[in-house]
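Remarks on the structure that follows.
To keep things simple, chains are lettered A, B, C and D as they appear, and every chain counts its residues starting from 1.
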Amino acid sequence: MTLQTLTQNGPAIRPAQREEQRGPRLRGIAVIGLGYWGPNWVRNLYQMQCAQRLVCCDFSRQRLEHIKALYPAVETTSQTDDVLRDPDIEAVIIATPVSTHFDIARRALMAGKSALIEKPLATSACEASQLVALARERELTLMVGHTFEYSAPVLKIREIIQSGELGDIFYVSSVRANLGLFQRDVNVTWDLATHDISIILMLLGRMPLEVSCHGQSHYRKEVEDVAMLTLRFPNNVIAFVHVSWLDPNKIRRATIVGSRKMLVYDDTALQEKIRVYDKGVTMSPYYDTYGDFQMSYRYGDVHIPRIEEPEPLKVECEHFVDCIAKGASPRTDGQNGLRVVSVLEASERSLRNGGRFMPVIQGAID
Amino acid sequence: MTLQTLTQNGPAIRPAQREEQRGPRLRGIAVIGLGYWGPNWVRNLYQMQCAQRLVCCDFSRQRLEHIKALYPAVETTSQTDDVLRDPDIEAVIIATPVSTHFDIARRALMAGKSALIEKPLATSACEASQLVALARERELTLMVGHTFEYSAPVLKIREIIQSGELGDIFYVSSVRANLGLFQRDVNVTWDLATHDISIILMLLGRMPLEVSCHGQSHYRKEVEDVAMLTLRFPNNVIAFVHVSWLDPNKIRRATIVGSRKMLVYDDTALQEKIRVYDKGVTMSPYYDTYGDFQMSYRYGDVHIPRIEEPEPLKVECEHFVDCIAKGASPRTDGQNGLRVVSVLEASERSLRNGGRFMPVIQGAID
Amino acid sequence: MTLQTLTQNGPAIRPAQREEQRGPRLRGIAVIGLGYWGPNWVRNLYQMQCAQRLVCCDFSRQRLEHIKALYPAVETTSQTDDVLRDPDIEAVIIATPVSTHFDIARRALMAGKSALIEKPLATSACEASQLVALARERELTLMVGHTFEYSAPVLKIREIIQSGELGDIFYVSSVRANLGLFQRDVNVTWDLATHDISIILMLLGRMPLEVSCHGQSHYRKEVEDVAMLTLRFPNNVIAFVHVSWLDPNKIRRATIVGSRKMLVYDDTALQEKIRVYDKGVTMSPYYDTYGDFQMSYRYGDVHIPRIEEPEPLKVECEHFVDCIAKGASPRTDGQNGLRVVSVLEASERSLRNGGRFMPVIQGAID
Amino acid sequence: MTLQTLTQNGPAIRPAQREEQRGPRLRGIAVIGLGYWGPNWVRNLYQMQCAQRLVCCDFSRQRLEHIKALYPAVETTSQTDDVLRDPDIEAVIIATPVSTHFDIARRALMAGKSALIEKPLATSACEASQLVALARERELTLMVGHTFEYSAPVLKIREIIQSGELGDIFYVSSVRANLGLFQRDVNVTWDLATHDISIILMLLGRMPLEVSCHGQSHYRKEVEDVAMLTLRFPNNVIAFVHVSWLDPNKIRRATIVGSRKMLVYDDTALQEKIRVYDKGVTMSPYYDTYGDFQMSYRYGDVHIPRIEEPEPLKVECEHFVDCIAKGASPRTDGQNGLRVVSVLEASERSLRNGGRFMPVIQGAID
């Protein structure tokens, strides 16, 4: 079955009469990969009605049928080429296994289509750079799916940090753990730490100088299922990232310690994801004659800001379509994706070299 | 005021008529150092009535008066030498700053007194070894105050591990954090990680091969207030220890992941300190023709064993007195203290060498 | 627009080729009322594909359009009569305001359609009895939407109670609170306590003898927004139900105390909804000569059974369709709905009579 | 052994040289009853050194010996009369079973001694009134041990309410539950609800008009081990108090709902006992032409004020001694104790009359 045929079956996913208000802004958009994450993209695109045609692509006929049953108006195909050759398709969302990101994204960009690629952007800084260059050359939108950079709590934390409320940031300690899901082609750092790195880079607004990574694999050779990353930033800022596919509890928790206040972000909390602690250490401005160490602790109130939480994926989805329509650069553009991949790559080198600190390519940043 | 005088004032801390049942087993015991931890020793010794005389020693007259007001029957002195010269004093408990442990302990042992030294035993493996040798030579009891090795939850966890319920241990991830208390003479690893190392060594029953440590100091030069240790054990067992004096929450939490089950130990919980999760990954026994990766997850019940919790310090206290009386070797003897110091020393070397893994002297173990 | 027209627009919601496996078992089903709860029914029916036609009915054109956009294959109408006159529609799900339940349900049954009515079944035992009689007369399936009786944790609790693990049940204390949503036509007991009563009746397997209710309205006259019910059962079993629309936290928590063990059910917990405490009081079998009161406490382990949780609404939905197809009586049949309404009615009488205990009509039970 | 003898043994519990600063303000004070609560009083009095002599009185020689071992400087006796006849004893603290409160307190007041009586003050309003009258007549300090009225969190909540931050109080819902300890002579309302009533009266600053109580006994006839009280106050304010000796968890939790904000007080929390929710319902000032119900919900931040927590018993202890010394009336004076007993008495009447609301004697208030 070709897309041609599919198009005849499928009605436009948005009725015409609403076009004036916020109408479908794209002729067509495709989601490639209907595994774990892809269906969430389909659901959002379907409900947003941002394109006249929505095409879903996966090798598995079963996945296609499942999606078709849920969203009858979508078109389906098992051939990526059908999507890439279809002139109506202006943009693709790539939610395939990590190892295939580069190839599919490159071909999509070559075919003149904007691309949103699930995190991580690629498996190496070299690949990521090529995608960045290609998108720039072709004047296409290239976006990476760093979902948390669109989530309300993370945006709120950035706002709090930028307001100076926390003072100077001393360190970040982040944990992302659960039981499974093991990835088939990458280890736990490329799977889980990607999020922490993306969040930390966004919050600190800078690249780490060097990265160390220790890890261990218990089930598949060289596919670490537990790891600990240490990132050193300028000004003695340090960040620890602990990731595991083997933890009995689902943990998504970051502690951000500043010179004035401290903040804890727990993404598994239903309601109170951010807690700001008015706690800290107060240094006295001088040391007395006996060289005494003057320090006291400040304990204070805790404040839990209310956060309105739209689904991050929806925000991300709208941002992608909006950037394509306006030709604007997404917040999580290719450069952003490249930065995170650069850190992961340095981390991987460290992991293969006994945990030694490895420099992060700073040139990766604009 | 000499101890002689004090003795005349102070009545025996236990009335004679009870002597038959479990009477005071020592003529005299002294607590040196009445800062943060010392008073807890005094309270326990006082209530246990294990010695005919209980002497408290501190430089600060104010601390001595405070203790005297709480426990009128104790004797007080500001001179360590008073204690060491007193022939009635059979044992001393040393709860002074870490940097003084070695000197006071050495002098106590030389004076023929048994010694319990607060953790860590000393500031180097070299010092610790000397204390071990000295105690052996003089046939005196040398004990280190690794309190957690006497705590009911840790003992329960050891029992669970030894029963094989968790299967093979894959990794341990331990966090010990709070706001303050900064130590004056050692960094956060010597202060807090000592506990985690002592617990992990006890649970795993073996020494790590090598240790890496990353840390950062924010308030006092070279006195790290946050750190992350990675310990590599034989058989690919790995342990992470995260310690901080700068965390808004008090965290004492360890996750122990085994091949069969997983266990979480939260020492801040009032009631339910240990949770055993019947969760894990199940590998299929063979790989199929296509080399496919066969793995599934097992989710199951959670079990929270009831734990009777006597105060660990009391258990420790009784154990010390018992070992002196019987001439037995304590569970946390000098060797045990030396082992933990060896790990801390390797960690310190790593910290000063960019976090590189440093071997742990294996010879330290019996 | 008539249903006739709608039918022509709308394709069958399930493709023909699947009919063999579990095919659409009904010609048509309608959801009446698309407010808060109705759309959940539509979603489940849509995904289950249990009927060839799915019709949605609401006064509000806006709600209809919203549903149509999400589920293009549904038919919509703003006229209940369209639904009731349509010969294809074999069953209706009534998710309208409580005060309209009786009238719509009665007309649906009169029109020969099976009916599932959201809780509570009706606003009085009299009305509820009429529906029960009517359904029996017409041999139609009448079901009430007591969702929790289909939820995995509640079913698990019933299993635990029936196994005798808790011993004799002494009392149940249940809290259901949150901020909003105020109902327009009924007070908080008819809105929230319905669930607790339905659960308690199911778990205890018997009707209360009498009910007392205290409450207060703060925003709308005689529409209580906070209330406390006490239910007295045979054998001195007592149950307390506290409900509120004015609580800052969402609470769904029941404590079930038995002579052997105790159980806490927290429906807001993500993972560990049921905790079984091996705690209790042990009476000694005799009183000694001095009439002394011999009692001791048993503290033990906590056990958290793993519960697989399918969406209760889906289970409920399948059960409804199944009962219609087989002509079987649903687990939450009209009698069940009548029982809960009888308790609510007695509670209402108590509320209007200073909280005095009011007998519950026992005749209501089969 | 008479007190005379004891006095000769026991040294003054405070050395003379400190008398200038805050010296012992009483010649002698006695604690009668060394069961569950009495030893806490002894410990505080001992450490405060507020009297030259501290006498402990209990029938049980074993209890006396235990206390003597812990606090060698106390005097002990098994005869209440020894205490009451001793001219040095200016005040007694009565921590005996509830049924003995009245008799011992009456005799103490008759003997010219000030008295602090553990809650509840007496077993009836009649008895309580007599004590109040007697103390007034003899110009002695009469205080009741409503500990929570001296606890930092409760004082903080009163401050928050009085500031108007919560708006008008709508209702209070309080739960106090745990497993055991059963009292021998009173039911769970006199044991546990006393605290809630004392707190609620203090916070609301007024007496309830009427009280209803439902309860059930499972272990001892007519000694209810679980109960629910409803208190009706002027202005439609309502309070629910749920108490149980048969709950697997220790719960001490009160929710206070106001027209502007809501507050939750959890006394079992280690750190964050009070949470203020900026949540509420907003009524629009008018109803539109169609009589529509205009209401919306306000969700906002949560604020957790830091609370410094001295031991309430210590505060209470100092307050008692201070009041005796100054001849001032305690915050929790006899009237206060009488008010709480009046509510408990009405509750008891309700319990014995099928839960009917019983009026509370308003004359009990000054």
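We adopt the following convention: contacts are C-beta pairs under 8 Å (C-beta built on N, C-alpha and C of every residue); 3 or more make two chains touch, one makes a residue touch a chain.
Here the structure is a predicted model, which is why all the values come from computation and not from measurement.
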item	value
Selected interface, B-C versus C-D, where C-beta contact pairs are more numerous	C-D
From the options B-D, C-D or A-D, the pair that copies A-B, where over half of the contact pairs coincide	C-D
Most distant chain from subunit A by Cα centroid	D
Approximate Å spacing (C-alpha centroids) for the pair subunit B, subunit C	55
Computed distance of Cα centres, subunit D from subunit C, in Å	42
Residues of subunit A engaged with two or more neighbouring chains	299
Subunit D - residues contacting subunit B, complex	11, 14, 47, 49, 69-70, 72-73, 268, 270
Partner subunit D, residues of subunit C touching it in the complex	170-171, 173, 179-180, 182, 184, 212, 214-216, 218-220, 226, 228, 230, 236, 238, 240, 242, 244, 246-249, 255, 257, 259, 262-264, 275, 277, 279-281, 283, 293, 295, 297, 299, 354-357
Subunit C partner contacts - residues on subunit B that touch it in the complex	272, 278, 299-306
